[in-house]
Amino acid sequence: MTFNNAFLSLSNFIPEIFLFSMAMVVLLIGITNPLKKYVVSLTIGSTLIALFLCFWGYTEETVFMFNTSLIKDNATEFFKILCYGIFLIQIIVSQKYLKNKNLISGEFYSLLIFALIGCLIIISSNNLIVLFLGIELSSLSLYSLIALNRTSLISGEAAIKYFVLSIIASALILFGFSYLYGITNSLVINEISTYLLSNEISNLYLFSYILIFIGVAFKFAVAPFHMWLPDVYEGAPLPITNFIASIPKIAFFVFAYRFLNDNQILFEDNFSKFILYLGIFSIFIGNMYALAQKKIMRMLAYSGVANSGFIFLAIFTSIDFNFSVAAFYVITYTITTVSAISIITFISSNKFDLVYIKDFKGLSSKSGLVSILFMITLLSTAGIPLTIGFYAKYLVLDALVNQNMIIIAVIVVLFTVIGLYYYLRVIWFMFFETGFNSLIKVNGIYYLAVLSIIPFSIIAIFLFPEFAFNYLFSILA
Amino acid sequence: MINNILSLLIWLPIIAGLFILFYKKDDKILNIFNISINLIVFILSILLLNNYDQNSSNFQFVENIDWIPSLNIYYFLGVDAISVLLIFLNTIIFLLVSLYNSTLNLKKRNQYYSSFLLANGLTIGVFSALDAILFYIFFEALLIPMFLIIGIWGGVNRIYASIKFFVYTFLGSILLLIAFLYINSSISSFSVLSFYDTSFSIVEQEWLFIAMAIAFAIKIPMFPFHTWLPDAHVEAPTSGSVVLAAILLKVGAYGFIRYVLPVVPLGASSLDIFFIILSLIAIVYVGLVAITQDDMKKLIAYSSISHMGFVTLGFFLIFKLFDNTNTNSDIVVSLSGSMYQIISHGFVSAALFICVGSIYDRYKTKKISDLSGLLNQMPVYSWFFVFFALANCGLPGTSSFVGELLIILASFKTSFIYAFLASSTLIISAVYSLWLVKRVIYGELKAGLENSIDANFLEKTILFVLALIILILGIYPDYLMSYMNMTLQNITNNIIIKI
Amino acid sequence: MITMTHYLVFSALLFCISVAGIFINRKNILLLLMSIELMLLSVNTNFIIFSHYSNDITGQVFVFFILAVAAAESAIGLAIIVSLFRARNSLEINLINKLKG
Amino acid sequence: MEKLIMYIPILLLISSVTTGLLSKRLSNVHAGIISSSLVFVSLILSLFICFNIFSEESNILYDDFYQWISIDSLSIGMGFLIDKLSAMMTVVVLLISFLVHVYSIGYMRDEKDFKRFFSYIGLFTFSMILLVISNNLIQLFIGWEGVGLVSYLLIGFFYKKESAIKANLKAFLINRIGDMFFIIGIIMVFTLLDSFDYKTIFLNLEAFDIDKLDYIYGFSYLDIACFFLFIGAMAKSAQIPLHVWLPDSMEGPTPISALIHAATMVTAGIFMVARLSPIYNFADVTTDFILIIGALTALFIGVIAIFENDIKKVIAYSTISQLGYMVAALGINAYTVSFFHLYTHAFFKALLFLCAGSVIMSLHHKQDITKMGGLREKLPITFYCFLIGTLCIIGFPFTSGFFSKDLILEVMLYENTNISFFAYSLLLLGALVTTVYSLRLIFIVFYGNYRGGDLNKIHEESYVILTPLIILSFLSLVSGFAIKIFVDLPIFMFGIKDIHYEGLIPFITHGILSPASVTLIIGFLIAKYLYLDNKKISLLSSKFLVMISNFIKTKYKFDEFFLSCSDLMKSISYHAATKFDIKIIDSFVVNGLPRRINRLSSFFRSISSGYLYHYAFLIVFSLVVIFGIILARVL
């Protein structure tokens, strides 16, 4: 029985296990000089295989593994596949950049894979211990990845800041866990949720949830727990930023989903208001800070803060919807950010690092395609029609209006207008100004093809969104 | 094919525009391609115009496809007479613009053409969408090509102007979205037809009205929201200004007559006095402002604003008219006046901007103080210019007179003061138009303005066509009037059953 | 008589002290690591108390995991600090503000 | 018959368009001949129609060419209404126009824009005819603005002359002031009698119960409507204070002054009032106003002519004062009488202008009469024609002017109300003034000795120019005897206004014995004394009279008034544009808000320090705040 269970669990856990072992392999061949050059291809290959395995092992019904400490259902599989895909794009695009910064090494990629696995574990965990381990696995590897570029001052600084603050966050989460454990005598998440069916919400329960979600807010970089984000964006090597901006967000969205899905706490007024106002505040802070930024990455970071605020609003609206709105927003935001940062990575993978917004001057005359891709990405982030960003914002607003929170909807919308301004600023530098830095070379059809995947899908999904909505609705029902 | 001609009209130019992005080699081929696409679209719109049955009052060429049923958003197209006429205006203006563009020497020609083609398709989409969100999407998306046109090919302050244009109109339109969402949340449908059946409380209607009206008032633009237009016009390239004045302002007006008046008549009728006053301010005050502008484009921009003041006046008089005389005939007169003014202004302003643009192409200045006595140098242009200036000041026999007459008539039926202020435009518009003519066209040729060539054949054709249209519309307005009549009757009924 | 509440309050105080330690200390980064450790330990006490009072062993299992992770944390933390020191020969926190705004 | 009417405007339009558009192909002479012949054909048509109308009683041609607008209740057509009034007006217009066409072939022959000129006058005649034959108010207005447009274009014909383009702008704008009120008047009539169509209007008016009129400040609705309509007429027919454009309009070519600014366009106002006379019958207050305005104009503008030295401007001022006579006649509802004067005046004023033109031409475009003199021998034909014109205008017995002007005075006297008596006295003085300035002109120009240099270079112009003069002088002499027609000319759809008239002979005798002839004699003596014998009257150099004459020389400062108005407008516009539109709306609100937001954001940015412990502190602080709030809520 137990063996059977263990076997089943293992069989369902193959992709992660494979990836894990490949990470070791990558680490090993990284230190052996002749094989060093295969690191990248090996990483890509193993990720592809893992992705394939994930598809192969896909099953409709929900499976609990390692006696309910891990869960595998449509949602987890979907988000895992998404993570794999994003991860692939990131490592493919980042090669040239890393080569220039000579960061390509076994440990780099193995750490990256470990971070990915951490996130995958967060996604599929159903037990607080496993969840904690997943969080720590990803964050530990990310600390070291950020600091990996030993020569630069700022990356060290970014690392230390991220390190300290995110440990505070984990500690808060753990604190919340401990109380939950105390109340429910269980470390299994859905047991914790179902606990409320028999008993009503105690203040301690509420507090622990708030502690946990402050931790989540930190991971999403929702104001006022956002300060680490811009520094990390600026300090870390771009591929790492790319990773931090995307995959952990998805993971922590699933985390939030696990904790809130069919959980009465969501209807507790204090809690939902907490989420709501945190979100609004974050939108305010994010946009206000982003407006004055001179550096592109910091601007993106603050726009990320604003978007995380939107994500929280979306989570709030899950009161009478299910989480599909939030999920859609998270996915939209993640892939647009990935696209944006990947394009920046691609552009600055030469002698010249693209740091300031004004460095985009006259990009369009250099390469029309890249600038158009970047424009699409930015417009999507701003939520202009013809991009899925519009639907993301639209759904949130729709939900708000349906809950008769029109004032809040209007306020939020006005902040998006501020947001629009700083995205347009980048666009105008790309298209309206002239004189692009000659050090920058934008070529390589192979890269351009990869880069254009996301923007085109952005447009495509805008034109035919129905299936996406239905799919999300079904998996998160 | 005739059944989904609307989709054809919308998507043909858009796809062509995207396609043209990838070809940048030969300018001649680009010109031919661009013009032919616009020509095809124009011919299609003529087909539309002919096959539209003007005696039926309901929407025709309807296409209703599931798009996002889960959000009650449908790909719902259809036209009534006003849409048809505006689409026709749109296509003919874009055709002329494409002809004009082929005479210019441009950087990034293919991108320029593609933005215009996109704008063409999207505008047709705006005029034919019957689903609010679809409308909104076209409405918003229309900003992007215009933004690029002004920003990339514009003048010195192009960035300021384009950003102002984009952000300002976006700010307005986003409130529109909220309003639509609100309506949807209560009737769970975005179709215009079901919008017309709504019955909100008066307070709700007032708020909805404010939200929507601001959006369209910025677009038209009405008086306090108008300052983006002169900047946009001054900085935009000639063809950009033409499209802006002839088409984009009409989008706002169309929004009023399609989404505001029939949907929230109670709100509109309880707040109409403000909008009447604003329109009158636009007519008188903005007209006065136009007089001493030194930049020709700015002058024409301000005159456009004051002419659009007439349109909005015609729209918002209807409630007072209905209170005075409980018949809908006066309302129809007023609305017809506005619609006629919209169409006529489309042609007149386009023509004026083309004239100014060609002067600019020759002398690289738009300043009135730098110009004088052009009649000596380029008579053909100058006579066209004089003609269009006269048309601009509403001379009988030109199209602008008809709309103004009807609107003054309607305004007199509500109040003498309105009529008096409205008719003061006869003086004011004459002052700014003819003073402009006196300073630019007449007089001795200023030194340094020699050696410029007169209109070439293509430009002559464009201007001649425009002049001809303006004259025909002025001499035989009844064609359009009877064309629109049923539709306007229908809209009027939609409005008055609710008040 | 010492009840569960006292223990909880104790651990909460411990937590607060450690957090305070993070932002009151403006000299040395190493102190940061210590207060982080303290923070995690306060969580541990929580778990132990709960598992003791509801004699359920899983909580204490969790504690072991946390301890292990804490060790790893401090290891990596030290590593980062070393690289930071390499880069700028000081562990003054006041100097760590290249990234701001 | 109806068909024929349609051809008149079409022919005129053709002449205008061909000469305008085919200007490259055609030679000057051909263009001139084509358009003149087209006008001639339409003249023949109009004569035919006119005779047809007069042949049988109360025969009215009425139809629509096409429907201009029809929105269910509102319907406006483009059509014609030919009764005796419009038939005769058509003939007059076309006749003068034809003569001016012919004259212009000679006069304009060495202008480079010859064809443009002909296309203009073609267009003018077209729109004048549109105005005259119109059967509704909107078409009337269209023609009204049309003629205004052409006058604008023609005054600015020499577009390089600063004075010319100033004058044409002025003319158009002042006419626009009139038109603004005119359109309101039209709309007022429409709203009362809900139609633009004369027939319907008058029928509804008959049906309308006048007691039910609503009164605003004691003026009846119709009074106000007619008042607004009349302001339009004041602008068009150059009545005080909107007369200022007409003297300046002399910047245009002389044939134009004859055609537009003397014979036809300026009388459009008179025609309009006569056409709408059934309405004016109900507007007593307004008619009194009209009477006063007319009388004042007749006298005081006439006085200016005495001190004017530009030959064309003298005639222009005389035109204004003659229009004053017509308007005054309208003021006592004697529409036919005023129309009679319109008709005679059309001939002799055109004659005077054309003569002046030929003088100017033979003096190589010199217009200052102080530089002329003694041209009698050199330009005999011109002189005699001019003399005939002058005799007509001063109302010398048996000339046309005598009949029309005396008829006006007669009727005025016959009205005997206080106002009409006052007006009568003004008009009588006006007659005196007229005599003085007309004779002054002829004495200074044709008598005495030449002050312009060598007299021998001057000679008569070609017969292309002289024939029209001769024809016109003939018409001016005889046209007066048609008085009977006018006296019992019925106004459309209404009866004949009974005018005190017992037949030709008694009228003539009575006229010769009337005070008018006394003024004639006095005027002649004064003019002879001052201008022919160049004697000084010590009385005139007295301080008071000098002061008065100086004041008159300033033309009563009307121009300055309008100038200051336009300056005011400009400064308002300038301040509105810079202060309000740019400063307040744009800089303060539209750009000001974003600017403030930007400042706020950079302020935020400046306060974030980047210290780790600040971050940590902020986290803890917000933690505390959140918990505080929630504790406050739950406990």
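Which chain is which? They are A, B, C and D, in the order written, and residues in each are numbered from 1.
One rule holds in what follows: contacts are C-beta pairs under 8 Å (C-beta built on N, C-alpha and C of every residue); 3 or more make two chains touch, one makes a residue touch a chain.
All values reported here derive from a predicted model rather than from experimental measurement.
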- Task: Between B-D and C-D, flag the pair that has more C-beta pairs in contact.
- Result: B-D
- Task: Taking all protein C-alpha atoms shown, work out their mean, then name the chain whose own C-alpha mean is nearest to it.
- Result: B
- Note on the structure: For the pair chain B and chain C, the C-alpha centroid-to-centroid distance in angstrom is 66
- Query: Any idea how many Å lie between the Cα centroids of chain B and chain D?
  - Reply: 37
- Counting in whole Å, what is the centre-to-centre distance of chain C and chain D, each centre being its mean C-alpha position? 98
- Mind checking the centre-to-centre distance between chain A and chain C? Centres are C-alpha means, answer in whole Å. 26
- Query: For chain A, what residues touch not just one other chain but two or more?
  - Reply: 160-161, 164, 168, 231, 292-293, 421
- Message: Show the residues in chain B shared as contacts by 2 or more other chains, in ascending order.
- Response: 167
- Taking each residue of chain C in turn, which ones touch at least two of the other chains? 19, 22, 32, 96, 98-101
- Message: Following the definition at the start, I'd like every touching pair of chains, please.
- Response: A-B, A-C, A-D, B-D, C-D
- Message: Please output the residues of chain C touching chain A within their complex, sorted ascending.
- Response: 15, 19, 22, 29, 32, 36, 39-40, 42-43, 46-47, 49-51, 53-54, 56, 58-59, 61-62, 65-66, 69, 72-73, 76-77, 79-81, 83-84, 86-88, 96, 98-101
- Note on the structure: Counting only contacts in the complex, chain A reaches chain D at residues 160-161, 164-165, 168, 172, 203, 206-207, 210, 214, 218, 224-225, 227-228, 231, 270, 274, 285, 288-293, 418, 421
- Query: Which residues of chain D touch chain B in their complex?
  - Reply: 66-74, 138, 141-142, 145-146, 149, 152, 156, 159-160, 162, 165-166, 169, 172-173, 176-177, 179-180, 183-184, 187-188, 190-191, 569-570, 572-574, 576-577, 581, 585-586, 589-591, 594
- Message: Please output the residues of chain D touching chain C within their complex, sorted ascending.
- Response: 605-606, 608-614, 616-617, 620
- Item | Residues of chain C defined as touching chain D within the complex | 19-20, 22-26, 32, 93-94, 96-101
